[in-house]
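In the part that follows, the structures are each spelled out as structure tokens.
Here chain A shows up in two complexes: once beside chain B, once beside chain C.
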Partner chain A sequence: MKKIKCECGHINPEGTVLCEACGKPIEENQHIEGNDKRKLLNMRYDGTARRSLTYNRSIVDKIWSFFSSVKVGIWLIVITLIASAIGTIFPQEMYIPAEAPSRDPAIFYEAEYGIFGKIYYQLGFHNLFSSWWYMILIALIGISLVICSLDRFVPLYKALKKQKAKRHETFLSRQRLFSETKQVSEEEKQKVVEALKKQRYNIQNENGHILAEKGRFSRWGPYVNHIGLIIILLAALLRFTPFLYLDEYVWVREGEEKVIPGTDGEFYIKNKAFTLDTYDIDDVENERFKEAIKKEGEPIAENYESDVVIYQAEKSAVTGAEPELKKIIEDNITVNNPLKFSGFTLYQAGYQLNEFKTMSFNVHEKNDPEEKALGTFTIDLMSPEREYKLDNGFRVKVENYYPDYYLDNGEPRSESKYPRNPAFVLWVYPPGSEERELSFIGIGKNIESQGENKYKIGIEDFEMRDVSGLTVRRDYTLPLFIVGAAIFMIGVIQGMYWYHRRIWIHPKGDGLLLAAHTNKNWFGIKKDIEKVISDTEINMVVDQQELED
Partner chain B sequence: MDWISISSFMLYTAFIIYLIATFFFGATIKDKNKEHKKGIAGTIGITLTIIGFLAQMGYFIARWIASGHAPVSNQFEFVTSFGMTMVLAFIIIYFIYRLSILGLFALPVAMLLIAYASMFPTDIAPLVPSLQSHWLYIHVTTVALGIGILGISFVAGLIYLIREVDQSVRNANSIWLEIVIYTLFLFIGYIVITTAFSITDYHAEFEYPSDNNVLTVEYRLPAITGPNEGNLLSEGAMQPWFESPSWVDAKKLNTVIWSFFSGSIIYGLIRLIFRKRFGAVVQPFLKKAKPDLLDEISYRAVAIGFPVFTLGGLIFAAIWAQIAWDRFWGWDPKEVWALVTWFFYAAFLHLRLSRGWHGKKSAWLTVGGFAIIMFNIIAVNLILAGLHSYA
Partner chain C sequence: MSLEQRKANKKNKKRRRLVFRSIILLLLLSAVVFALVSNFNKDKTSYEAGDKAPDFKLQQVNKNNELESIQLSDLEGKGVMLNFWATYCKPCEAEMPFMEKLYPEYKDKGIEIVAVSLDANELVINRFIDKYDLTFPTPHDANSEVMDLYDVGPIPSTFFINPDGEIEEVVNGALTLDKLEDHFQEILPKK
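Right, the complex of A and B next:
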């Protein structure tokens, strides 16, 4: 490696722009930071030798240089930004509304948004955020974060460690804030140093050359926050493993007891009751909401709550035997108040009101105005039997069952497998006879097939129940996200709310040169300087910034 | 007087005080004193601003007591607190930089926000289950504070542009600047026209077919455009000039048309009176403001606001989403646009590292950032909807 020796005696690594010790511009490298064309020195990384700007021979050098460019980083951010915005033009596939006529994305986008919707779907934008190219963009940002940070942090850290109080005159006069005073007494100089100390500057004195510095740690802010971001990206990567991240959904009916998915049969849940409360307009408490509720036009939900019991299955000695369940928790789950147990979390995520549980029917003579029951039977709507034997010898056979009945062009069909609107096609066999009669029966529907039935079926009673929809989560990556976010916040605050300020005093003849640099908040450092020179005849620094338009 | 009337009264008071304070900040233009020497007008201006802010805090607290929850739960309440945090951010920045001219622009923008907010239903509404959490005020107030501070960067950037853009020529800079100003006038137009027809209590009810149902919609502005295949039910109301296509919300489109209509008239009148661009009218009054200070303020506001926005809009948001919606991130439009905002300001902060991105370009970026913030508040709620459409 070619070292560069500065006239101050310091040996700089190849590619250095400003001598690490005295700041003198190293002539052959001025083009690197564009200093050759301007009066002011580019102080971004104190003119240190950055690998990316120094070596450009091998392919590794080229890749390194590419990703270490802030410009490339900004482009990646901007492209991701635009891509993300595009992802909100139409709803993502998971947000296709439940009430849409068709939730099939191949149909939905075109039906709802015409040709643009069709293109959107065909380009795969309906799953944009999980697309391979979006992931690659995020990954590239991650790589850029790592390389950018390493490329700058290491040399900057070294340079700030090696910097000397005695700086080259050129370095000082080409700072943004600079002034020269011809005549300064030693007393005045001492006053300034004292004042700087009072403002909590660290003072380095090298044969009368003074460096006053504070807030250097703010320079590490960007690198700290980038570490936070990298941790967050790693956490996101880890989520792809099912052990660390589990996402399931379970519907549990009131009174039902079932295994919780994703727990390998270890945990069971029983839904004791689901409650939906709405704001009662007659309640004095809700008097104040009267207008808003009226305007809404329909009741406003106040609470969704599932009262549940969680059981743990004891390992049974005999394989295949029903496990013994031990109750571990009995609690209620509401929105904003999930239930946690041994690594799992259950969230109140959905509900279904008034699903039919059972239906009781009777068989009576069609001509009987009193509809006296000849026999009754009850169907469990989740698992109907094939045939029901009634007390008085009647038999009823289930020919067809539509749990969620609707008419599709005259054809009876079931919208879902859940008994929300049950309907049956039943055969009635009178006692001791094979002369069966066909009936169709559902809520508010009672049709006989040939119109000459002797017997009729009537609905006697029914039981209803609610269903709770619960999300089951296990997410061991959460702590990592929290750590990443915390480090990011620390870094960003460190970098934004503190400032690295340096003030140089350079004796020259009977007077001195005064120069200053800060990474941000120039207004603040000017105020500092105004204060420290207020009792002296030292000239205030001049802001030599060239604002371009 | 009950709490809710106290709260309305306080908000109204705050608005009026901001208005008066604006005039005092306007008067500082004529101060012959140097920048950092406080003129009497500026002192009165900032004192009034603080009193106005306290009055608005009074609104906030009274409304919190009245409703039993933090008043940040719907569009009216949120945008109002955005206006409030912008005033707070201005007060803070004022005490750092003592720049009176900032008040002349920051207060009107804040007032515009508050007035815009008041166009939404102001009734106190009960909280739906997902909003019943302490995170409601932790998340929303932090977001409001973050965008309030970022809003100040826009204000400083706008002043920078009005001062620096050459008005003697017609180029991209001067035209775009005028478009930004014109957009602000559209908000004024919206507020004026909505208020005018709400005073006259205008109603027009339509019924229109949607899928297999017949729906009704109530217009509060005369229908320039009516619903697709709509039928006017109210007597004496104006017949629509044309029907909207079926895929747009006709009522919202109608409001947008009216805003353009009345905003353009107000803007046009001003153009007619002064016979030059609005930017050119204002420019001479800004001569005293130092461009490098404006540039510094707009950058500094981003540097201060960005961490606050990240904390409120992404981190607190994620924590609450994890508790209420079982996932901390779900690509809901509001979330995505918070990310877009974050990306944008991240890009801004990185660009400030490079040469050539100070001054005008940087000022334009702060305008862009504010546009994204407003987009997330207005368009995402009205057009894109999603889980955050509480208003």
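Right, the complex of A and C next:
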């Protein structure tokens, strides 16, 4: 590794563009920042050696310098952007509509979108955001972020720390703001220094060479900002551990007691009641929504809520064995008003209305036009009995029960275990008789087996209940996201609202050279200079960039 | 500073830089690997072949079987076919006769069938058992707890558990008579 000794005596690392101490351009490195083709010096990272640009001997160095390139970083971001955009053209796999003829992605995309859909599916865009290559892209951006920041922050920090008040003449004359004054008295110079101090510049004096600097801390803004981003990425990573992040969904029927998923059987929930309020079209308060409500046609939910009890199970229980439950909390969950316990949060997230709970039937004579009940019985649809004894000696035996009845090629079956469309095959035993009659009864269906039945069964009444849908969430990563976002914001503010301004005064003969540099707001620094030289004969700096253009 | 000192200095610095970069790259790499592996595991069922089958205890509802309740750990030393089914599930219904057909023979050889029903009520289970004259134990998972424990997706889903209590194989979907017999051979206790 070759070091470069500047004429001021400072030894610079290889790849340095401007001497770290005096700022003199180092002849053989001017091509790096393109200074050889312009009058003005490129002040990026104060002309320090970004080492990755200069040596990469081992494989580690090569990987490092690859990620150290901002160009690579930008390309990664652009590729990710394009991929994300493509991912939104057709719906992602989880958003394939429920009513689609086939929800199998292998069929759905081609059937719905033709050849493009097929390509989309084959390239894996239907599951883009959790695909391995998308995740790798995000990871590469993260790596690039860390290495780019490290590789720039460290040399810049060192350069600004090592900088000397005494700068080389060329350094000053090739700054954007520069002026030369032939005759300046010591008094005038002192005045300028005092004025700079008043404007809260830090003054460094080296044998009459003066460096006035303020707001260096603004230069760290981007790096602070990147630390915030890295923390956010880290928080997203931690969401993969179930202990830190959990997102489940549970349906609980009114009156039902159920284990809360994701809690390892430790917590149970009971839904005491579910309430749905809809917008009342006749309410004066809703006057202005009248048209909209009418247009919608269906009732619109205004609020829905569940009254729940949370139980904790004794830990020793084997899964499935009846646990002993201890009530820990009884509360109400409303939309946007979740229930919190032991690190878990329950959100009201959905509902299904009007599932059958119980049904009562009567037995009457088939020929009786008034259908006078000879006896009644009630079936609990979640746990029906095998046989019901009626008051007047009738017996009804359940031959078969279809909670969610449908006809499958002429054969009655159930679609699910939930009583959404209950139907029964029942034997009716008249009092003291073993001559039984078969009936089939369901919602809107009442069929006798042979058409010779003496007795008929009718539905008298039914009870409905609602099902409450709750999201179960545990998220310990949220504070980390907040910390990351706050640091991100601090970095932005730090870089945005403060300016790093430097003014150099270089005595030359009886006069002096004056030059200035800032990372933004050139107008501001010109104002500063105007103020400090107002009482003197020193020439105002000239914006050499404007001259150049 | 002598030339040699300077050289040694330079060498030191270089080594430090290499170590520093290697550590940073390793840290970043492990974070990426962690993300990819967790993302890959997310979609998988939690128990697979080779894992120890988690224990559970459920009430047994088949009146043709003498057991009142089933606890998996009590069956250690036997091969266990742990089947998840429901009366409304057609492919489950299709494989039931095969299970019943092989049960008496393999019970004597040391295999137990545990057919966990995911139905909501016992009546439908009993009617189903009567229809097919099932004799093996059918525990009732009324609260879907064991289903959650085994992370059962679409049914039928069957776990073949060897006499040591380890899952030998997981089969999603219905089994034929031949396949069922093959799987029984795999979990047969050694004499």
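Quick note on the criterion: the second predicted complex is superposed on the first by the 401 of 549 C-alpha atoms of A that agree within 3 Å, B and C clash if a C-alpha of one lies under 4 Å from a C-alpha of the other, contacts with A are read in each partner's own complex, and residues count from 1 in each chain.
Operating definition for what follows: a contact is a pair of C-beta atoms (placed from the backbone, for glycine too) under 8 Å apart; a residue touches a chain by one contact, two chains touch by 3 or more.
Just so it is clear, the model here is predicted, and its values are computed rather than measured.
Undergrad: According to the stated criteria, A:Ile136 is in contact with first (chain B), second (chain C), both, or neither; which is it?
TA: In the superposition, A:Ile136 touches chain C alone.
Undergrad: Of the partners chain B and chain C, which touch A:Pro261 in the superposed model: first, second, both, neither?
TA: second
Undergrad: Could you say whether A:Ser360 touches chain B, chain C, both of them, or neither, answering first, second, both or neither?
TA: neither
Undergrad: Quick one: name whichever of chain B and chain C touches more residues of chain A.
TA: With both complexes superposed on chain A, more residues of chain A are touched by B.
Undergrad: For A:Thr378 in the superposed arrangement: first (chain B), second (chain C), both or neither?
TA: neither
Undergrad: Between chain B (first) and chain C (second), which, if any, makes contact with A:Asn453: first, second, both or neither?
TA: Neither partner.
Undergrad: Looking at the overlay, what does A:Asn400 touch: chain B (first), chain C (second), both, or neither?
TA: second
Undergrad: So in the complex, which bits of chain C are touching chain A?
TA: Interface residues on chain C, with respect to chain A: 10, 14, 17-18, 21-22, 24-25, 28, 31-32, 34-36, 38-40, 42, 54-58, 71, 73, 86-88, 90, 118-124, 126-127, 139, 141, 143-146, 148-149.
Undergrad: Using the touch definition up top, name the residues of chain B that touch chain A in the complex.
TA: Residues of chain B touching chain A: 4, 66-68, 96-97, 121, 123-126, 128-130, 132-133, 135, 164, 211, 247, 291-293, 295-296, 299-300, 303-304, 306-307, 310-311, 315, 318, 322-328, 330-333, 336-337, 339-340, 343-344, 346-347, 350-351, 353-356, 358-361, 380, 384, 386.
Undergrad: Mind listing the chain A positions that touch chain C in their complex?
TA: Touch residues, chain A against chain C: 1, 51, 58, 60-61, 63-64, 130, 132, 135-136, 139, 142-143, 146-147, 150, 234, 237, 240-241, 257-259, 261, 265, 318-321, 382-386, 398-401, 403-404, 413-418.
Undergrad: Applying the document's contact rule, which stretches of chain A touch chain B when the two form their complex?
TA: 34, 42, 44, 70-71, 73-74, 77-78, 80-81, 84-85, 87-89, 91-92, 94-95, 101, 112-114, 129, 279, 286, 288-289, 291-293, 295-296, 300-304, 334-336, 338, 345, 347, 349, 471, 473, 478, 481, 485, 488-489, 492-493, 496-497, 520-523, 543, 545, 547-549
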